[in-house]
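Each structure below appears as structure tokens.
After this come two complexes, each holding subunit A, first together with subunit B and then together with subunit C.
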Partner chain A sequence: MAPVTFEPVDAFTARHRDFTREVDGATHPVIQALRESAIARVSSIGFPTRKHEEWRTTDLTPVYATPFSPAIPDPGSAVEIPLPAKLFLEASSPLAVFVDGIFVTRLSRTPTDGHGVTVSALSRMLDESGDFRALLESYDESRADVFAELNSAFLVDGAAVQVEDGKGSDRPVVLLHLSTAAGGPRHVSPRTAVIAGRGSRLRLVEIHASLGDGRTFTNARTDISLHAESTMEYVRVLVENEGTIHIDRTSVLQETESTAATHSFVFGGGTVRHNLVHTLDGEGAEARLFGLVLADGRRRVDNVTRIEHARPSTRSFERYKGIVAGEARHSFTGRIVVRPDAAKTDARQTIANLLLGARASAEVKPQLEILSDDVRCTHGATVGRLDPDALFYLRSRGIDADEAQRILTRAFAVEMLDEIGEEWMRRSLDTLLQDRLRRIL
Partner chain B sequence: MLLEIRNLHASVEGKPILKGLTLSVDAGEVHAIMGPNGSGKSTLANVLAGRDHYEVTEGEVLYRGRNLLGMSPEERAREGVFLAFQYPVEIPGVSNAYFLRTALNAVRKARGLEELDALDFLEFLRGKIELVEMDDSLLQRSVNEGFSGGEKKRNEILQMAVLEPTLAVLDETDSGLDIDALRVVAGGVNALRSAENAMLVVTHYQRLLNYIVPDRVHVLFDGRIIRSGDKTLAFRLEEEGYDWAKSPPETNRAVA
Partner chain C sequence: MNMEEKPLEQLVQQEYRYGFVTDIETDVFPKGLNEKIIRMISERKEEPAWLTEWRLNAFRRWKEMEEPHWINAVYPPIDYQDIRYYAAPRDRRKPRSIDEVQPEILETYEKLGIPLREQERLSGVAVDAVFDSVSVATTFKEKLAEQGIIFCSFSEAVREHPDLVRKYLGSVVPASDNFFAALNSAVFSDGSFIYVPKGVRCPMELSTYFRINSSETGQFERTLIIADEGASLSYLEGCTAPIRDENQLHAAVVELIALDGADIKYSTVQNWYPGDAEGRGGIYNFVTKRGLCAGRKSKISWTQVETGASITWKYPGCILKGDESVGEFYSVAVTNRHQQADTGTKMIHIGKNTRSTIVSKGISAGESRNTYRGLVSILPSADGARNFSRCDSMLIGDRSGASTFPVIDVRNPTAQMEHEASTSRIGEDQIFYCNQRGISTEDAVAMIVNGFCKEVFRELPMEFAVEAQKLLGVTLEGGVG
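== the complex of A and B ==
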């Protein structure tokens, strides 16, 4: 581990000073004020090292040791949507494109289609709805996360999605976050806020992609608030370049009888850490968490999930799979908390990793914290390699060894695609998966 | 000669199984290899298909005059060698139709033929499915997953019908089949017999040979062929048992 040559707090504070001077005039006053309160919190929380148990699996040295300068968004910049992201643009779906955090009207399609779904820049929504301000400013000291606060400290603008009570559409809303990743190591802070009204339904896709091949520190944050009886299917896809360090926090707050399915696909990035929190804060709320990781080379992917059963009769189902090749590593930490009054909780967690190289590795850490009786919690993990009998079977029919490996690897992953309701999303993800497998195998 | 096996010695995990097996098969012929458990029947089948962990320590195998043992399993398949597995492998997540088409196209490509798209392939497959009396729904299911014993063996013969091999090795294809399934499987095999191809039918029991009538029968014991003859040798074995075959031949009566 290279020595840390400076104090990260000092470095980020200094960059924050320069950054705010640059962007203050151009940002919404609520965001401007948030940046100031957030940088103060960053200083008081401090940055973790590997000595912090929660961060043991993530090597943050490159975040601290690289002089990442915050990207100054240029709304007029001429950008072309990169190829992997293009797969996810279906002509009839609403699309909002953000470059270094700024909404780009020219590349977006945000129709007011009468389904009660609004997609816009966060700054615009702040003027129209007090709920978004509250969501943006919500802060739980007991669960302080320095990178979530760092996102606020360097926030310029972001994405907002709102669904009116009782409204919604099955057509996915696509949010595409592009980082310019050019002109020296860049620090970007994509931010998304989602509010789904009572009894509403939403399909949402978030994609993070790089425009260039430069080094980037993507510090993303998504906050989702699901009101009672709402339904959400949420798909996130990471296809950033290998020079990207992606640290991300997704929080989903669920009220009574709401149901959420989150699907996380990590196909890119050099170092990725995704923190996903579902808080089941209403009776009968249900969360389904799915994840698929494809990592090769020397890439590191950490999935850290936390499901909080805070009310009775809440259910969670969690299934993650990792395909790990080369010298890559996938770590999964899954905490399930059942609060004292959350009786009749039903929680299931299963994790499976497929290792494709002798030096690939995977680690699974389930953490159950059960403070209530009358609950059902199960967890299981497997790690394996491709079945040599199946490989021989395919080869004995004329299929070459590489193709046989790709077929069996896709077969391992395909279950995670099948869970997605929207057909073109499944197809796009399958195309991307097979393209990536051809590079690895 | 299509297949010439000369003094073949092979070991599994350091244990010698085949101890000098010699056998020649010509195009248009069906040969049966019979023998008790542990005699080396499956080892022979797996060595011919190129499975790992089967180590050839001596001898050679010529297929159309070329060194078969120097080819990878996929090369052998593309050259027309096919093994019907004793225990077909289940492959969850891969549809049977996709598997069959990928295999056919790999073989067609190697033979300089155009690859078939999904529609042309279904057309091509229709007649083959009828041959093995297989339920269409098994095409959309994962390869062999949850198939009954009979369905798995039919699926093997379907693959054989699709790939149209020059040399087919059937490893205990009759094991675990009821009489109806056996009749269907044998019917499929017989329909695929021709003057250009050959088959090596490996079996423990004579029963299968009532349906697939062999030109030659060989008795494998302790890694060697100890007797060869025409189809009547199989009946004699059924009556007298393998102990009879082990005793020195009284005359060359049984050895044609």
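== the complex of A and C ==
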């Protein structure tokens, strides 16, 4: 590990000072106040090093050692949507576009179409609904996360998604994040707040892509609140360039009988860490977490999930797969907590990793913490390579070695696509998957 | 909560059977830890200068180390200056045979079910009995010596076989390995030493029985077992302590070395005093155990049945260095009342085609906490390595907790690793099924629990498998629900 040449807290506080001087006055007063309280919390929490058990798997040296400058709004920005992102855009879908982490109303499509789905700038929503302010300002000291606070400290404007009670649509809301890294390494802080009303339905697609090869530190945060009996399907696709360090925190709070499925596809980025927290805070709530990682070169992907069974009769199902080639590394930490009164919990977790490179590696840390006896929890993990017999079978039928590897690897991965409800989205992801496999193998 | 909880709950409340104190004159050192105490221990044991220096170095390292607190357990801070680091029965003559051992001590072991005399005649198990800080008797020594097997107390090994001790001491668990290992290296008192020469299969089970008797003492034993090329042995340790309100520290270090083709089987039945129903007193069992499969095709197998101690914190591990070496870990950890256990294993695959198997069964009852924590690390050099792990937890009663924290790190694509885990409880339907067929709830629970642990008991030497099953019944009495 290269020596850290400065104190990260000092560096970020100094940047924060210059940054607020530029953006104060031009942003919503609630956001402005949040930035101040958040930077104070950043200083008091401090930044982790490899000695912090929870961050041991993530190399944060480049975050601390690179002079990333915080992105500020650029009113004249015009962007060309990159190809992989285009795969997920339907002409009529509501669309929220973020350029360098800042929500740009001008580029977004925010129709009001009778489905009760509203997509708008967070700053606009703050004036209309107190719920969004509460969600934005929510802070749990016991689970303080310095990067989540750092996101608030550098927030300019984010996106708000709201679904009215009993309403909703199958057409996905697309959140498109583009990073330009214009004028040197950029620190971007995208923020999304989602509130799905009682009995509502929501489909979300989130895409992170880079424009060009510049270096970006993406520090994203998404807070989702699902009211009773609501349903959400959330698909996240990361296709950023190798110069990107992507640290992301997604929190999903689920009330009674709500169901949520999160699908995370990590196909890009240099260093990626996704922290995903589902809190099942209502009886009968259900969470389904799926993830697929495709990593090659020297990329590092960390998936850190936490499922809290806080109420009785909650269910969770988690399945992550990793395809690791070259010298890449995939780490998975999946914690399942069953609180004392969460009787009749059913939790299952399966992790499978496929190692394709001689120097590829995978680390799996399933963690069960069970404080109630009336539960059923299982977890399983495997790490291995492609079956030599299956490879031989394909080769004996005239398929070359690379193609044979691709066929078997796609077969390993494709199961993760099947879980998605929308047919065209499955096809788009499959196209992307095959394109990536051709590059890796 | 449900109907059968009450009778099951009562099942668990049995008293600790080995809680008596032997009234015997003991030679104890003043409380506290400093270089003087360490020199005194070394002097009392008539140790050579290199060992005194080794201890002092460990002590210096220990002073620089910070006490770890990452265990999934809660306990008040330990005052290391409030412990006596040496206690021994006052008997200046060195007993040359069992007949010379003080009768009170022999009686103690008889009460514990380890009749040293009879053991010698009947059961064919060689026993090294450790009483507080010293080894008081070793049986079958001469018979074993005929085959060149050395089985003696650690102090005796230092005197009689200094070259072997010097060569291997600290080679698997270095003094600076961790806080408690460093403490042990500085103050270790006695323990067992075994050396099985080339090509010899040890003809009988070897066993050490550890007994803490004196109050305010800690026990810091050191065990070193070496199996030379093609040698094979099976070893068992057991432990108990009197009932006391205070917590006593037991920080042992066990090092195993298996050379080419050697095979070591190490079994533990741990039954230290677990504390009373309110969680007062009991032993802190903070132990470092590690085996090195140094040679090709060597094998080390750990089997442990952990029922006692107020806190258990240990991870017997294997370093699979030799190609085609094998590591095994079979564990049953039972916690009841306020006991806390954080245990598991580490399997480090270095050599090619190394294999490891982990089977862990955790049972938590009462208000106890039971944690499995383990590491399977397959390094880039370990082509074709295989690991299979299975850890299951059973919860009895709604106030107990079970956690599983395995870490699996695979850095070689030719390796294969599988891990499975589950958590469940004894189902009401299972109990009902048994009741219906005339099996009492008590027997039904015992049957289900024994079935749950069968895979591990199968690995124990026969005599101890029976003992372990009984122990399990006793530990769980009153904790089932």
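A few notes on this one:
The working rule: the second predicted complex is superposed on the first by the 438 of 441 C-alpha atoms of A that agree within 3 Å, B and C clash if a C-alpha of one lies under 4 Å from a C-alpha of the other, contacts with A are read in each partner's own complex, and residues count from 1 in each chain.
The rule we apply is simple: a contact is a pair of C-beta atoms (placed from the backbone, for glycine too) under 8 Å apart; a residue touches a chain by one contact, two chains touch by 3 or more.
A quick note: this is a predicted structure, and the numbers were derived from the prediction, not measured.
Once the two complexes are overlaid on the shared chain, A:G114 sits clear of subunit B and of subunit C alike.
Judged by the touch definition given at the top, the superposed model places A:L356 against subunit C, while subunit B stays out of reach. Legend: residue contacts after superposition of the two complexes on their common chain; A:D387 is shown touching subunit B, with no touch to subunit C. When both complexes are overlaid on chain A, the residue A:G130 reaches neither subunit B nor subunit C. Counting the residues of subunit A touched by each of subunit B and subunit C gives the higher count for C.
Of the two partner chains placed by the overlay, only subunit C lies in contact with A:L368; subunit B stays clear of it. Legend: residue contacts after superposition of the two complexes on their common chain; A:G25 is shown touching neither subunit B nor subunit C.
Residue contacts after overlaying the shared chain place A:E415 against subunit B, while subunit C stays out of touching range. Of the two partner chains placed around the shared chain by superposition, subunit C is the only one that A:E53 touches, whereas subunit B remains out of contact.
In the superposition on chain A, no residue of subunit A contacts both subunit B and subunit C. Residues 53, 340, 343, 353, 355-385 of subunit A touch subunit C in their complex. Residue ranges of subunit B in contact with subunit A, taken from their complex: 49-52, 72-74, 76-78, 82-83, 85, 88-89, 91-94, 99, 102-103, 106-107, 110, 142, 159, 163.
By the touch rule above, subunit A contacts subunit B in their complex via residues 387-390, 392-401, 403, 407-408, 410-412, 414-415. Interface residues of subunit C facing subunit A in the complex, by the touch rule stated above, are 70, 378, 380, 393, 395-425, 481.
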